[in-house]
Amino acid sequence: MEMFINITINGLATGMLIFLLAAGLTLIFGLMDVLNFAHGALFLWGAYAGIWTYTTSGSFIFGIIAAIVACCILGYLLERFIVKPVYGNHIQQILITLGAMLVLSELVKVVWGPNIIHARAPEWLRGSWEIGGIFLIKYRVFIIIVGLIVFAGLLFLLNRTKLGLVVRAGVMDKEMVQALGINIRKVFLFVFILGAGMAGLGGMLFGPYSGVIYAEIGLEYGILAFIVVVIGGMGSVLGSMIAALLVGILGSYAAYFLPEIALAVNFLLMIFILVFKPSGIMGMKEALK
Amino acid sequence: MSRLKQLSRFKLTLSVVAVGLLMFPFINDSRTAMIMLTKIFIFAVFAMSYDLLLGYTGIVSFGHAMYFGIGAYTVALCLKAFGPTIPVVLLAALITIVFTAIVSFLVGLLTLRLKAHFFAMLTLAVAALFLVVAEKWRSLTAGNDGFTFAIPELFRDRLTFYIVALVFMILVYLFLERFTQSPMGRVLQAIRENEARVESLGYRVMHYKITANVIAGIVAGLAGILYAMSLRFVNTSVFATELTLDALLITIIGGVGTLFGAIVGAAVIEYARHTLMDLASVHWIFGRWVILLGTVFILVVMFFPKGIVGSTKHWWEKRQMKKAKVTTSDKNFHQDVS
Amino acid sequence: MTLLKVDNIHTYIQQYHILQGVSFEVHKGEVTVLLGRNGAGKTTTLRSIMGLNPIKSGSITFKGEEVHAWPTHKIANAGIGYVPEDQGIFGALTVEENMKVAMKKKDEATLERMDWILDLFPDLKKFWKKNGGHLSGGQKQMLSIARAYINDNEMLLIDEPSKGLAPIIVEKVMDSIIQMKEKTTVVLVEQNFMMASAIGDRFYIIDDGHSVHNGLMEELKQDEKLKRQYLGIA
Amino acid sequence: MDTILETKELTIAFGGHVAVSEVNIQIERNKLKSIIGPNGAGKTTFFNMISGQLKPTKGQVVFKGKDITKMSPTDRTRMGIGRSFQITNVFPHLTCHENVRLAVQSQKGIFYNMLSHFTSLKEVNDKATKFLETVLLDNKAQELAVNLAHGEKRKLEIAMLLALETEVLLLDEPTAGMSLEEVPMILDVIRKIRDERKRTIVLIEHKMDMIRDLSDSIMVLFHGKLLADGDPEEIMKNEQVQKAYLGGLHNDAS
Amino acid sequence: SSNETGSNDDKKATNESPKPTTEVKQEEKEVVKIGLLTSLTGALEAYGAQTVKGFELGLEYATNGTMEVAGKKIEFIIEDTETQADVAVQKATRLLEDHKVDFVVGSSSSGDTLAVLPLMEEYKKVMIVEPAVADSITGANWNRYIFRTGRSSSQDAVAGAAAIAKEGVKIATLAQDFAFGRDGVAAFKTAAEALGATLVHEEFADPAGVDFSSNIQRIINAQPDYLFVIWAGANNPWGQLEDMRVQERGIKLSTGAPDIAALRTMEDMIGMEGFTVYHHSLPNNAVNDWLVAEHAKRHNGEMPDLFTPGGFAAAMAIVAALEKTNGNVDTDTLISAMEGMTFETPKGPMTFRPEDHQALQTMYSIRLERKDGFDYPVPVLKRELSPEETAPAIQNNR
């Protein structure tokens, strides 16, 4: 029994972490329909900038702030110079953001060197509580809480404000939205920066979770983030959350009971969902034509 | 009329290039250059097969490497199991064709009814499954380390292999060129534009898409065979997403929807990679050639969104149009012919 | 009083020279109708005013300010509403959300206008929660018009409102334009001459990218020669 | 009566909303039937069920005595039901000529001349040119469809439909957005086809004078239900139709 | 014969170019060329950098700074494999074909190395593998031109076993689920069982995973005395092992100590007993002292790292072989000279075993401790494991 609880909690925490990595992409890819392959690079930079600040200043909170700020700036630059010319054109988006991905990941090595970098949770988040055979690793509890806060914030922003509507409308028909008096460029820029900032937060929190950061996490987890957004249903924050938790928990159980297929479990899940429910778990857009 | 001339001039150029490449090894016998060119040919074939999907049918696949990998592993395993003879290579080609055809057919059936992103993601997943199998089925594949194997005596000579690869590329180019300009190829282009509409014109769209997918799969598989034979080694990287991304980048840099672009793209990227790295001693940035590559992608999208070949063509046509404007009397004549 | 002045504008789309000198003036409180055959450049003219097809030369003055270099949203916020030819419905948003995106304010007056609109087009009320993409052709047209009506605009640019509407609804739309006349000035592109002539005060004929003729609607109604020459009707 | 197309109790509901309800209709071969009705009455939806874009919740579509309710749009087109769309729906980045050629070519098999160059198919190309001429669009043959004005796209749409050479033509507001000058031209095209009496035409329109002029019979849809079905004069006089659809402007028309 | 060719060249040079003598002198010496194939970019570039530094210093040390052996000048060319097999083949071909190298040294990745092996057979040149670890390099895919100064997976495993396995000890393993992990566990199992230990559980984790708690849970359930971890790559389970209080449950951890960057991530593993291939504080010999001092001097205070001595050893091996053949670079002569050859390295003497050309070498049984002057956990020597003790099974069926 305890074992099941442990596995579930750990899966939940991993899922929440994945959600944090994917949340920004829910906005950028799911909502704005930008195939942003540089998303991985964003949380890579978030991780490096954050962890570097954290280790030099000694303050975890400073680290988080630095990660978010760094990624917001990067997000601004990316949007202005890379993404803006290619809104609405997927193929060009793939190429140009992939280019940005390559440059940014490689720059990480130039700035911080090619070695892996150690990242530890701050003193107050280290260790675990043990309650009758059930482990509560502090850092994971922390991740779960942050994930919930981000989730609630996003839901509020998208459902209680006009922002979500405007972005979705802008993706469908940019000209019309402008003709209705909305500065869609600014809105897109804002949402992009917001998504980037969340990627930064995700990247920063990833560091102490895995213990290390290295230049390749960008691509590895970037793809995972895409998977989560797709199976959650494009543009649905709730869907992304469910999908991320599903990936986390399923991965956790698979690693325990079916280690042979653990490697493939994300992909099997995606195939299964897309074949049987092509719009994703909470899809608003039909994936079927 | 000038369009006819222009066409034949293009074909003439192509033929000259082809002959030039055929002669190349007899003029310059640097094996490094030969190996690089061989690799360019192989990747050009792979990218052309990708372009058939991306440029002509509007399908973005992130799993194209799976066909490439199937070809590579098939030939590697056959040669290892049955010995390095030419009949074994032919057998491997046959198996590859059958296997890639089946896989691409099934994958197409399963996924082609989905919209672009979703199709892309699903192919990514299926390809990842192949990667996992290659990784896990260690008794057969030796896992991610991979294994080496011997190839038939004939192909061991880099020159012979160079010519084989070149001829193969030319054949594939001619075949795909014809195919894309055929009535069926035009239907594929229409599908890219407006799928629902093609359907209501009475076309069985799925049949067309699956056919395109199967042809692309088979060609990619054959490219994989050549690739493995050029290395005499195979490991799981032939199934990696990076490989698909390579094909994607080559296609886009060369020019989407222009088969010739795939060849140019492969040449440019391969050559750039080759020479830039050598400049590492001049400035560190050349050692970090990935940064340069990425910058090039960005610049290409910004300034040559149609890729090298597409942009050149565009520029050429514009020039022609300007010319035509000057001699407006010619204009009607133009239209009659075209 | 001149509310909008379009002075000799030239517009290019890619390399094509579409508008080659269009000029007209719109007086406050009037309905100005742009007429002309298919491909004449009527839609392009409206889009140029909205800043969607920026002009290359000439000038556009709205309320005494030169607006042709402004971005589209700024022009819209200066008080111009636009009903595009292709309706511009956000297919994946519901009718309600379509209206919400358009709404600039949520004050008393807006809510009042909303009631008025829903009375005008009861179909919209009926399908309030339905996706815009699932509406019928005519319902989309109604929604598009409703979206432009919801804000307190000084001027409306309406591109072929009667297209796809049942005769009875066309009548309603005509009525509504007449009702609003006091507050709102309208520029109308319309192929339905019955409607154009019924509500128009002034007309401009556009042909092949040029504005070729103008005058009062009353005159046009009488002028058989002009009608035949540019509109192909007798 | 020589019925070519028939619907039996044809019904469709979107969620709770019944858009078309138990419509029984027979369409006579080589005649022109018009469908009128207020916006949202279900006309386009009715078309969509005949052409297969939508599957009815209840009822059948019978074509030439065969139940085609379960067939895909593609198969229906191949059997002989072609349609044009209310919202223009062409291939934007192909030329007009190519657009029409695709329609001409659609009756051939998938591997039709798979390895020959498309320009070499003289028969197909000539036919495409012919249809472009029919709708007076031959001067734009090499223009990309995306560059056409709205009215021109509508013409292209009709050329494509004609090029399908199907027995039944479903036309959904073919003249919407077309200039006053051009409408008669399209009318001529339709009239010519009708007068040849080789095609069955079903037409949705809101232009009443046109309907009256062309139709052999008219059916009226109202809130998804069949309100009336008969010859034009009779329908125009129908009080209900006048009230619900035509409104005041057409009162004097009758 | 080398003298003859030397004088021939001499004549040629003087006959053809009446250039200043200093320059001619440069050319008159015959040159031995070495191609160094390594990852300067890509996932393993940090390892590549270590190999290069080690190799440069190794050549200098071996030739006493003259860069000459048996009257021949030594030159080397570095090529980057980008950690991609096809690039590796391309670069190796360039080395063999265009630069006509006499030796190839490399590379950082097993995949790259395996892809290059057939070329060595084609060109009949000697390759010294360093530091790729796959067993199959000296096993199934081996050919007679292949020597390896790097240790193999099996050697690691045997060393790992020697560090902890004893009669009656219960051991569980945790490794990544790919070739390196699987090979390693198989070899470890054989070695550990030979020493009388029992393996109670084998756990393989997703190499790209971040959450290993399920794997750790199963290990806890198996209740071993030791948990032996085989791990390569960046993401690691150390923090989670600590978080889940594995050591508090009486399960002792053991693993191979990695390079310094990775040691920094092992705060949680202090007290761990295991083995290592190299840490600069471990060997006690003159070569290593020179390496440490010289390395610090050249690379602003930096210490040699895990794979630095490997590069060094490869250079030492080449010079030793050339000394033995008196500068003769004929491949067969070199191979027979090198088989069974013993040469000095920063890790003490190594010997190429004649059967599979694997260099048998000293490994170190260690314990991770916090130590003054180090800002990371340091492997402290428990015992040197002699080359014989860690000799792996011969796998090439020769």
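A, B, C, D and E are the chain letters, set down in written order, and residue numbers restart from 1 in every chain.
By definition in this document, contacts are C-beta pairs under 8 Å (C-beta built on N, C-alpha and C of every residue); 3 or more make two chains touch, one makes a residue touch a chain.
Since the structure is predicted, the reported quantities are computational estimates derived from the model, not experimental observations.
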Touching both chain C and chain D (chains): none
Intersection of contact partners for chain B and chain C: A, D
Centroid-based (C-alpha) most distant chain relative to chain C: E
Of B-D and A-C, pair with higher C-beta contact tally: B-D
CA centroid of chain A to CA centroid of chain B, Å: 32
Distance between chain centroids, defined by C-alpha means - chain C, chain E (Å): 76
Geometric centre distance via CA averages, chain D-chain A, whole Å: 48
Residues of chain C engaged with two or more neighbouring chains: none
Residues of chain E touching at least two other chains: 177
Interface hub residues of chain D, defined as touching at least two other chains: none
Chain pairs that touch, as defined at the top of this document: A-B, A-C, A-E, B-D, B-E, C-D
In the complex, chain B residues that touch chain D: 178-179, 181-187, 189-190, 193-194, 196-205, 207-208, 211, 335, 338
In the complex with chain A, residue positions of chain B that touch it: 54, 60, 110-111, 113-118, 121-122, 124-126, 128-129, 132, 135-136, 195-196, 241, 245, 248-249, 252-253, 256, 288, 290-291, 293-298, 300-302, 305
Complex contacts: residues of chain D adjacent to chain C: 14, 17, 37-45, 86-87, 147-152, 173, 176-182, 184, 206, 208, 244-250
Residues of chain E that touch chain A when the two form their complex: 43, 45-46, 49, 177, 203-206, 208-215, 217-218, 221, 234-236, 238-240, 243-245, 261-262, 264-265, 267
For the chain B and chain E complex, residues of the former touching the latter: 30-32, 35-36, 39, 135-136, 138, 142-148, 150, 156, 227, 230-233, 235, 237, 273-274, 277, 280, 287-290
